[in-house]
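Dropping the structures in below, format is structure tokens.
Heads up, the next two complexes both have chain A, just with different partners, chain B and then chain C.
What follows is the complex of A and B.
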């Protein structure tokens, strides 16, 4: 009996090394608490208060939320951002599949093409924004010059300066920028497909389209869904590109929720951080529900398929 | 250590300690990072102040405007920030939140223009040192005007005469007015602003902008907007108006491809008078300054806008408030006023005497003075007079969509009316 208690204590230590767990987790937890959890909680707090310097925070209840409900610029920004987040992932992933197939089929110059198509994602949004402002320039931009060269003078227009084309033009930019990244991920997924499945399809005289549609795409489906969700989240937060190119103009046609929050927080001649915090909180829940919705949708389909 | 050495060491230490007690550092955060003449003016003033006040140093951080505002907002909210910082008259939030010192009893106001003092007035106090001031001017590229066969007199053109000039220039395949809103919320509105100001007069126009008794559906406002629309529809602005940045609009006007007119703040020389290879106007480029378009039935045809631009304010939380005021006062002298004019060729809130300026820059200042002869001023451009949703709506509509031809008079009236 006297010999049995020390080993029991030792076993307990092995099973639950509280000291080690604390040592390893605490720094990360502290950083998370200081730079993520606390600001998030503070944003929730701010959204129900009037926050101005030299005065204690004043509780205003849900006044900011009521005001936000009737804020037409906010809803315009929501619409633009949702449009972007809905359209861009589909474009990016669809084009990326086609490009990845080209490389998978080992078209001539595939190594050069892989680098060329991937390069845009290595650039920052600021550089990309300036580059595309030049391309879209009405007077001497490459796009309008090309159209004029093709005799399509009437098609030339200020792409970023007209409400009908500005948002679409920016969506085209993010598509150009991110398609290469998606392509590389899809190509990696294709390259890791089990060769016996593809060989079996070939033995069954499966044509290339059937092989793509019934074998390859279903097998890489989880990768595609992850890319769509990642792209969706990225577009819901888009700020840099808009700020560099249009700052939300013209007539709020390219205003996104992120640019509007920035304008309200830093450009509206007010120190109140309450209202911008309210926008952030509402947008957080919209993004969260979007991601949860997508996840739910994809899981449902998976269940149906299996 | 001998007694003598010990005594010397103590004396040196005491001296250092005394020095440390008297050493004071003033911190200044300012816009104008890319405007060499203004940087040089302020830095030379700081150097002179340091020499006149041993133990005092002035540490200046230069910024672009947007990063400066963002940095100030964060710092001031946290109860920090520099002793002195750049501000503009539209930033009433500084006064409303008690973040800047009232300078009414601290500055030498005798050396400052009364209108500049008035612009910085807020609830009985005066809060800013108005270093930079500018008027809205219509600059004319005389060579291109001659090429297009038009004459744009200093006193401006009334009603259809201005529209005809725009049409004539356009017919000559030349851009009548260079302008762009790619990076600023105000230059696109200069045309409409100038017309509405003259049409309504300063008082009614201020009432319109601030949501007072004069409304956007007032018949006079509609007439003014319709006149502006006529000029816009005559092809006044370049097709790339929406994306042209402020600096690019200057270059478009004087270098490539060239335009006959440019409505701009009188800070025009700060960019245009740089060397040609640094983006300045070509050597020998000749400009005149006109009073621009004047609508029929104008209540105040001689009305112009004067805006107090870059100013310095003192942080209410500064431990060196009096020293900071002394530094600002060191710039509030007629000599410094003239020095500013000569270096920057843009007006200042400091009382100055342009007639004392000689040399190659004198001719430009004389043209500027002639264009302002007998003018009646309103203070501040619209974005300096408006706040919140009306300001944002004005920026998007009157500044951008309306001059770009994207919306008409009815839409402007509807959108502006619903913004208040």
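What follows is the complex of A and C.
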């Protein structure tokens, strides 16, 4: 970065690459415009129209939005999804910290354990969904078989078939899938900590818990917050797992916003794409404010602490 | 230190060790148990499973894989998935690489805006694109088309691909490009002969990441594909479930056919894969 040469060079740099910039960026921009931007705009447009096949779209103003306000299934779906998005990140990150500590402390068979814990995240939700439907099966599922084996016969139940347990059972599945992923990220963050800090804590005769709580966790805080936000976003999108296992049943107990949009758009014979688009738009703003809120919250806290 | 003061400490740490081991054993059973179970069922017949769902597979019915493959259109689904995923990943690598190279190397007006537009889509809930996308694909004549699905897959993985590659391209020393320019390389040659080869590690990371994520993709496939001969593997597995409702043994075999390729990729490329999946998460 010398100060003598830049002016002349910069001019040249600017003159030449404009063509190159366009060439390099154009394919990506075209794909983005055609398959991301346009569909989003179309969905926004839909939300104020009645879109019925073989008829021109009919402007209905904010009728859909008003209808949505009193749509009890929608609010149930919002509640379920928010519950999922609030509970799952905490479970995943907490368990992942414990697992990462185990590997960090170099327990035997670390490599094998890492593979075993990480693998679930690589599976397709279709495979995972079918597998867990079997595990939760009332008669021969692994969970009930285990409970009966432990003499807890009365605890055995159709886990996905009962409104009180269905959502929690599905949350256990996403936790099963994503904890290992969080663990790997946390382990990477722990491994990159400067060893002097940990040695200093060692010298101060810190117990392992205070070492974790006062030294390690504050240092990997940015990573943890990031993982929480990522997990939150992921759970706000959840569709595949519900669709494969319960399709929102029983009694809307596992209905998420994604599955409800899909049902209204492509399954129920209402033949209107306008209303589901309205749900999508409203949901878009809820997710956006959720992400912004979390980011703001975490920033705020950081400021207070330092 | 006397023996008396040491023994309680040992037992306390022994207790802690036991608790730790118990936690590890329970979590590992929770994490790996389902795979062991489905793998063992995939080698057993439904009659055997009905008699005892948890017995070890013996004899091994490997022929079930052949019949799942041949009798249930699995070969078609598998071929569809392979061709769609490979085409999408190839396009992603080139298009994403070009855009990342552009972001990393040039300054231009509205760069910040373009960057923001592309990356803001990462937090978009897919519902907000999927309905509009369905209509647009019908308009374009790309509904129920494998090419259409490829293009959609390129669009959904583009932001992450650019993000990973851009971070890597930005670290390539500027001198390398200067030297190439002095040697008379064109802008395109610089990208093709310098950026791409130097960034090979990052590229392989995105290739593996995109392969796995698209291999498992379900929502866009289920909305955009309804014809049986165009279904991808996840849709095929679900259809298989519908057809064979009571035939648990056969479905387990079908699941294994979907699981094995992913596990193989993981076995051979675990470090790259983990890098790709965690790229966005480590700050």
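The rule is short, and it goes like this: the second predicted complex is superposed on the first by the 290 of 306 C-alpha atoms of A that agree within 3 Å, B and C clash if a C-alpha of one lies under 4 Å from a C-alpha of the other, contacts with A are read in each partner's own complex, and residues count from 1 in each chain.
Please note the rule applied: a contact is a pair of C-beta atoms (placed from the backbone, for glycine too) under 8 Å apart; a residue touches a chain by one contact, two chains touch by 3 or more.
The structure presented is a predicted model; accordingly, all values stated were derived computationally and were not measured.
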Exercise for review: Once the structures are superposed on A, label A:275 by its partner contacts, choosing first (chain B), second (chain C), both or neither.
Suggested key: neither
Review point. Between chain B (first) and chain C (second), which, if any, makes contact with A:178: first, second, both or neither?
Key: neither
Point to revise | Partner chain(s) touched by A:145 [first = chain B, second = chain C, both, neither] | key: second
**Study point:** Most chain A residues touched (candidates chain B, chain C)
**Key:** C
Review point. Between chain B (first) and chain C (second), which, if any, makes contact with A:266: first, second, both or neither?
Key: both
Practice item. Answer with first, second, both or neither: which of chain B and chain C does A:161 touch in the superposed model? Key: first
Review point. Just chain B (first), just chain C (second), both, or neither: which does A:107 touch?
Key: second
Review point. Just chain B (first), just chain C (second), both, or neither: which does A:252 touch?
Key: first
Point to revise | Intersection of the chain A residues that touch chain B with those that touch chain C | key: 265-266, 273
Point to revise | Of chain A, residues touching chain B in the complex | key: 52-55, 73, 133, 136-139, 157-158, 160-163, 247, 249-252, 263, 265-271, 273
Check your understanding: If you look only at chain C, which of its residues touch chain A in the complex?
Key -> 20-21, 23-24, 27-28, 30-35, 37-38, 53-54, 94-96, 98-99, 101-102, 106, 108, 114, 117-118, 121-136, 151-152, 154-156, 158, 162, 187-188, 191, 212, 215-219, 222-223, 233-235, 237-238, 241, 248, 251, 255, 258-259, 262-263, 266, 270, 273-274, 277-278, 280-283
Exercise for review: Could you pull out which chain A residues touch chain C in their complex?
Suggested key: 16-21, 23-25, 27-29, 31-32, 34-43, 45-46, 51, 95, 98-99, 102, 107, 113, 115-127, 130-132, 134-135, 140, 142, 145, 176, 179-181, 184-185, 188-189, 222-223, 226-227, 230, 233, 236-237, 239-240, 243-244, 257-258, 261-262, 265-266, 273, 276-277, 279-281, 283-284, 287-288, 291
Revision key, fill the gap. Chain B residues touching chain A in their complex are 69-70, 73, 76-77, 79, 90-93, 97-99, 181, 183, 238-243, 257, 387-389, 391-392, 396-397, 400-401, 404, 406-407
